[in-house]
Structure formats: C-alpha cells, structure tokens
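First, the structure itself, so that you have it in front of you.
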Amino acid sequence: MRVALFITCVNDTLFPGTGKATVTLLRRLGVDVAFPRAQTCCGQMHVNTGYREEGVRLARHFAEVFGGYDAVVVPSGSCGAMVREQYPRLAPAATGEVVPKVYELSEFLIDVLGVTDVGAYFPHRVTYHPTCHSLRGLHLGDRPLRLLRNVRGLELVPLPGAEECCGFGGTFAVKNPAISAAMCADKVGNVMATGAEVLCAADNSCLMHIGGTLTRQKTGVKIMHLAEILAATEAAEVTATIERSAP
Amino acid sequence: MNARDQILARIRGAVAGAPDVEVPRDYRGATGPDAGTAEPRPIDLLAERLRDYRAIVHVVPEAEIASVVREALARRDAARLVVPDGLPPAWLRPREAEALPYETVGDDPELSADDLDRVDGVITGCAVAIAETGTIVLDAGTGQGRRALTLLPDYHLCVVRADQVVAGVPDAVARLAPERPLTWISGPSATSDIELDRVEGVHGPRTLEVVIST
Amino acid sequence: MSRTFLGMPGRALERGFPANAAVAVRDSQLRFNLRKATRTIRGKRAAVVAELPDWEGLRQAGKAIKDHTLRNLDRYLEQLEAAVTAAGGHVHWARDADEANRIVADLVRATGETEVVKVKSMATQEIGLNEALAAEGVTAYETDLAELIVQLGDDWPSHILVPAIHRNRAEIREIFQERMGEWGRPAPEHLTDDPRALAEAARLHLRERFLSTKVAISGANFMIAETGTLVVLESEGNGRMCLTLPRTLISVVGIEKILPTWRDLEVFLQLLPRSSTGERMNPYTSTWTGATEGQEFHLVLLDNGRTGVLADEVGRQALRCIRCSACLNVCPVYERAGGHAYGSVYPGPIGAILTPQLRGMGSELDRSLPYASSLCGACYEVCPVAIDIPEVLVDLRAKARHPRAERLGMAAAGWIFNRPERLALAQRAGGRLRRFVPKRLPGPMSAWTDTRDLPDIPRESFRDWWDRTGGRTGTERQDGGAR
C-alpha cells in the first residue's frame, strides 16, 4: 500500500512537531509513509472566507499531488473534512477518485491499520477536545478516545461541554473577535475545570486558538496534537519536552 | 400581470430544470398500522405520557367510567357542566334517570363565549388518542361539540375508549378526516416563554383530566 | 425591485453583525438569560429526539417532502387555492410586504373593526403588519405570551420560537407591571416573578379581549395542498382562541409552507414539536379547512423574496425551514450575540442564510451575516429538515463583496500556495523573522492578539526537516512536542 502524508499548510509551517510525530508513529506501525513535496494547502481558508476560485485551484492541485497513492493520511480534522465535504462540490470530476482515499489520522489507524493500541506511553492527565470538523464533519466518533485510552500511563479526563465549538472557525476569529473570544473563554474555563495538564485534539488550528488563550492567561496547561501523544514512548523524553516549552 | 400570475411565473422560472426527488418513507407506521410495543401497552403508554404533561389520568374498565367521572366532578365541586350532543349518557349515569349532583348544559342553541367562560367544565369524548405523544384528538364529532366548548371552560374531562388509542402519529393521521376541524390536545395549556421553563395553565383549560377505558 | 422588508428597523441595521455582537456580548444579563434558556431547551430537545428510533428516517422524509414540494410549488399552490376556495375560503396573493399589508388592512377595514387579535406568526413579523395596521388606525394585539412581552416592552423579537428569550422573569414582571395598564387590564397588584404568576397575569389581561374581538390574524405552520387544510401548532391556547372565537380569520402564510398531502403531516407533526419546544407534542394543534363553524376565512399567500431564494440552487434549501429554532438554540454564536445582533426577525443560523437571501447583500449588516458563524456545524446536525446551513453560508460568502485588504491578502496567500517552492520560501522567511514577531499585532490581526497569543514560529518547517533528514525521526531539533 502506497501511503502519503498530507501534512497541511498549518502543520507544515507552524507545527512541524505534529508532522514528525505522525511519521514516527506510522513508521513504528510498519507504514512507510511518503511526503509528496508538491503539496501545499487544501484551500479551506480561501473557500470558507468566500474565495472559491482559489479553492477550486487548490483542490485540483491536491488531486494531482495525491492521485497516485492508495491512502492519504491527514493529521487534521478540519483539513480532512474540507477534502471530504467540500471537494465533491468544488471540483467533483478532478477529485472524485482521491477523496475516498483520504483518512484523518485516527481513521487511518483504526479503520485501515486496525490498531487501537499503538504502544504509546504518556504518564499525564489529559483531556480531549473533539473539534467541530472532527466531530460533525468527519464523524470521527470515539476513535481518538479509543486510541488515547490505550496509551499507558495516560489519565483521560472528560471535558465538560466538549462538543461546543472553541470559536476559532478560521477567519471567524478575526472577523468576529468578540464572539470568538467569548467562546474560547468558555472553552478554556471547561479545560481548567478538568485539572488536566495537557489539552489534546486532532486539529492544531483549534489547539492554536485555545492554546493562545491558555498561554495568555498563564494557565500552565499545554496543548498537544493527538499524533504527538500517540508517538510518545519514553516518559523522560516527553516530560523534558513539556518542561522545556513551559511559558 | 396580477400578483398570482406573477408569483407563479417567478416560481416556474426559478425551478425550471431542477431535478425532482422521491420521498423515502423509512419510519415507523409508514407502511401500515404500527402495532406499537407489547410493553407497555398503548393505553398504559398514553396514560404515562399524559401524566408527563400534568394531565390527571384514570385507566378503568368501561363499566366504571360513570363513577370515575362523578368522583372527578365532585373533587372539583363542579356545579355546571357542558355536555355536547351525542355524549354517551352512560358516562354520566350508570342507571337511567338517576339524579346528577350538578347541572348539565347543552350547546343547542349555541352557548355564547361568555356563557362558556362561566361554566365549571366540559366533558367530551374524542376521535383518536396517540400513545407515544400523549395526545387526544377532537374532531368536533359526536360527543365532542364545536371547538370552543373545550377551549373556554377551565376544566376539560375527556373519555377515551381503548379502540381509539393508536401507537403513533402516522396511525392517527390516517384515521382522521382533514375536512373536519381538528384539535390535538397534549396536556393542559402551557407555555415555555419565560426562560424556556414549562408552566402549565395559560389560556386554554388549566386542568385536563382523562379517563381511559380498557 | 426594492429591498425586501424584514420587519426590523432600528440601530441593529446600521452596523455589521460583528459590531452588534460585540455590544451584546458585553451585556452580562443578556448572556446569562440566553445561556440559561438555550441550554434548557437544548437538553429537552436532545432527550425527546433520542426517544425516537426512526428520527433520521423522519428527517430524511421531511427533507425530501419539502424538496419535492419546492420543485412543484406552482402546481401545489394552485391545488391549495382550489381546495381552500371550494371549502368556502378566499385566497389572496401578495408579491411583497406592502401588498400583503394592504390586502390585510383592506380586509380588516371591510369588517368595520378597529382591533384585531393575533396568533404568533413569523410571516406577519416579517412584513411589519402591526405597524402597517397601526398606520390605518387598526390596533393589533399580540396574544402569545412572549409576543405580548415584546409588544408591551416596546421591544424587538430576538428568537423565532420565544421572541422574549432575552428577558428573564424579573424583567418580565417589571414590563407587565408598568405597561399592561396602558394596553388593557393592568397586572394584578403584588405580581411576583414566579412564571406561574406571570402566565396568570397574561391570562387575565387577554381574557376579555379574546371574548370580544371580532377579527383574528394568524400565520400557519403548514398548508395542505390536497385538502386546503391549514395547521397551527401552539402551546398556550391563545392560538385556539384566535382561530375559533372571532367572526373573521385572516391567515398570512409564506408560499413555502405548503405540504402536498394530508399524510405528510405524519412526518412534520413528529419533527416540529420535538425540535422546537423539546416536547413529544405541543399542547395544542389546530387544523381547519376553509370557512369553519360559520367563520369567514381569508388566506394571504406571501412571496416577499421567496421566489428569489427558490432560484438559487444552493440557497433554496433554506426554504425547507419549518421555523423550529433548533439551530438557534444550539448555536454558540447566537447564544453569545443574541437575536437582535442579526438585525432581522430571522436571527441565528437560519437567519444568517435566510436574511441575506431575502434582502440581498447590499448593506454592511447583510454582507456580514454569512460570516456570523464559525461553521461548527451544530445547526445542520439538529435541523429537522437537514438544511446544510454551513454549505449555504460558504456559498453566500463566495457571493459577497469582500474588503480590498482581504482580497489582496487572499490573493497573496493563493499565489504562495500555488507553488510549493513559494510556500517553502515563505516558511523560511517566517523562520528567520520569528524573533521579531511581536506578541501583539497591529491592524486587523490585533483582533487575534487582543485575547490570544500567537504560536511560536518554528525555526524549520516540516518540509525543510523532511528534505534535511529524509523523514528520519530521532534527528529532531526538539522543537516539536508539547507547546
């Protein structure tokens, strides 16, 4: 099976650690993942802000880059949902073949590889935010939670109001800053109520938004992408990373 | 062009070439009467759901309807009761010519709104009752009277026969005649307009009492 | 064509949604009221929807019935007209708000009456009927409890189902005490803020009016083409009062409210109450066909922009709406902004797609409505007729005029994303400048940094790391991991 990684522009540029963790994890599970160098962006920001033509161009580009693979793994719920929900409307002919082969990371692990225990070790108190596009776009269901429950040492605590949006919404955060900030404040309040050390999600854009408020308020709660927790195997290394990046 | 023709022309222009759709009817009761569940029985479910919405409910054998009705009216100290045409006399008196401890008022000639506003209550039958939703449906037929009779009095006592109880909404719609004016009643008048908190008792009857005969 | 009127003048129309919402979100009483109310109803809806094993089947049937109806709307309207007429009713057609108001005013004037009682109706809110009647010397009395609160408080509705959702019991008590006397029977002395006492005050205030008023005006939830039957769902009994007691009944109904057959009600009488008030069934549903029990009956069929919406392939799904307001109750933006920020009688997610379609996107407010959403998708999930609100929002955004600075920014981003080499160069430039990015940004980006930190920009992008290492892990520079 030829497997490609679609890193997404946000992860590529701002969160390379998530990409590295995804590669580490997949290789540990015996998947030789490729990184097609020509990939750029899924076009979500353009389309959702009202610039459809750019989005159509990027959708076609995506199909050209990933057309030859058997599976495309995306460590992002919202970019995955963009491909699966919006490409069929934007460029049905060009993307019809590639869209069914695109998997969000937890889907790929559970539905394609058939694993729920990826051999990870992460001795921390973690809460999980099931971002809107993971939950209602991709319908990931409890897949990420099943993976987290099998991580040794990890204490998973439920997040109150988990299904409510954090208020990111791409350009929504800057177009409607007052409402976005109010939504995020409520999300942060719920995260704090769990007493978790780490907030985990399958989407770095939402984590960037919530994390930006967590650090501004000097809460000490860290954000980590699902891939990073699943890639962790040695307690010392991860703990050291956490300490190093503390504000 | 007049308004009618212009609106119809706009519609035709707007939908020209659009595809039509088939209606999938993949729900309970779509292909024939829904038997409902064996447990609880439809009449018990009806009683439970009516009580959920603060109706007073009695489930009794047919022979006991009159005594339950008499006790219910006594509890309310009812002195004047509206009795629509065609209401089975046996629901009020087990034996003919027995004296009633309250006055009955008929609707022929028609009672005025003020008259109806002053009576102590009304007793009716119904056309259909729906177990799953706790609904009784009146169709202004025999023993029910016109719609205002069950609207203005503050107390509505309704007798439901077991054979009038259906499992769900589709069965009720199938049994009802659209040309008759229908009133679907699920509990007493209520509102959720203050903080979305449900409060029973606004303009319609504030008390709904239902006698279901087995 | 003149701009379609949607019954909401006032300050909210002068600014865009973000500015309206920014004011509302600072009103802590409003925030508290909305949060409490929307969370209560959300829970009730979820519980009664979960009771039905065939909910999704009903939802798909509801969606398809509406789509089929819209496709054949001309035919069904003609059928409805014939059936209503055959049953002794009179049918009128109105292209816009002015025409509808004129028809109703003339009908009322013909009765010689100067007072009418009203059943809560979105269509008459939409056309501003009360104001139009007042200009003709006719007083319209709202009889739904929430509409009464809005009317007495000289206020605007902020929710489709519960127009006074922005008011709590203490505020309602104050409005009743101060204003009821000006409109009729005053509130009882020593009125408390117990919802039961407030409902009782409304009962007493309106009782005499119900018994004496000769003309009523309503909307309808459904109209059955095959039989000419109209259907009104309500809770309090004020609807039954208006539909039953007056000598003349005038119903103003949007043309999209039609269902082909009597049988179709079996779907919608399950979908609507559970989605709307979170009840298995609302307390009262009335159906009538033509002139009933000696009453004179007029039906006014209203277009007011609907045929324009029908012409839009993506946007026409908004006409499936049955006005249940489940999308409002679940929307995180509505919960914090409140209904008035939307500047229309249709607030919340459905308003964000309906208002700009009915009214056009000429004003700053109407252009901003399609952006009044984080696209979280909660509205689509609860919609009983499966209106894909996020899809329509995104489609409307593509049709909106965009600010110049944004257009330039998006074009620049597009230029970078079109070539991977450009993206790599931009990432390296960002990496080199990472230390110079301030914690608080100027201009439009301050909208982010006012309340949120920016993430640290890494020294090396993922693609540069891959090029350098061939994706061999164990060679990280340790700038990944937790942040």
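Order of writing sets the labels: A, B and C. Residues in every chain begin at 1.
As a convention for this text, contacts are C-beta pairs under 8 Å (C-beta built on N, C-alpha and C of every residue); 3 or more make two chains touch, one makes a residue touch a chain.
Fair warning: this is a prediction, and the values are worked out from it, not measured in the lab.
The fewest steps needed to get from subunit A to subunit B, moving only between touching chains, is 2.
Relative to subunit B, the chain whose mean Cα position lies farthest away is A.
Subunit B has its Cα centroid 53 Å from the Cα centroid of subunit A. Between the Cα centres of subunit B and subunit C there is a gap of 31 Å.
Shown for subunit B are the residues that touch two or more other chains, of which there are none. In subunit C, there is no position where the chain touches two or more neighbouring chains simultaneously. Those residues of subunit A lying in contact with subunit C across their complex are 7, 9, 11-21, 23-24, 27, 33, 35, 37-41, 43, 45-52, 54, 57-58, 61, 86, 89, 132-133, 136-137, 163-165, 167-185, 198, 208-209, 211-213, 215-216, 222-224, 228, 238, 241-242, 244-245.
Within the complex formed with subunit B, the subunit C residues making contact are 33, 36-38, 40-41, 53-54, 57-58, 60-61, 64-65, 67-68, 70-74, 77-78, 87, 93-95, 99, 143-146, 149, 162, 164-165, 168-169, 172, 195-196, 198-200, 202-203, 206-207, 210-211, 224, 227, 229, 235-238, 240-241, 243-245, 255, 262-263, 265-267, 269-270, 273, 277, 279-289, 292-293, 301, 303, 307-308, 310-311, 313, 316. The part of subunit B that touches subunit C in the complex is made up of residues 2-4, 6-8, 10-15, 18-30, 49, 52-53, 113-114, 117, 130, 132-135, 140, 146-148, 151, 168-170, 172-174, 178-179, 181-199, 201-205. Those residues of subunit C whose C-beta lies close enough to touch subunit A in the complex are 17-18, 21-22, 25-26, 31, 332-333, 336-337, 368, 370-378, 380-381, 391, 394, 397-400, 402, 406, 410-411, 413-414, 416-420, 423, 426-427, 430, 444-445, 447-448, 450-455, 457-458, 460-463, 465-467, 471, 473, 476, 478-483.
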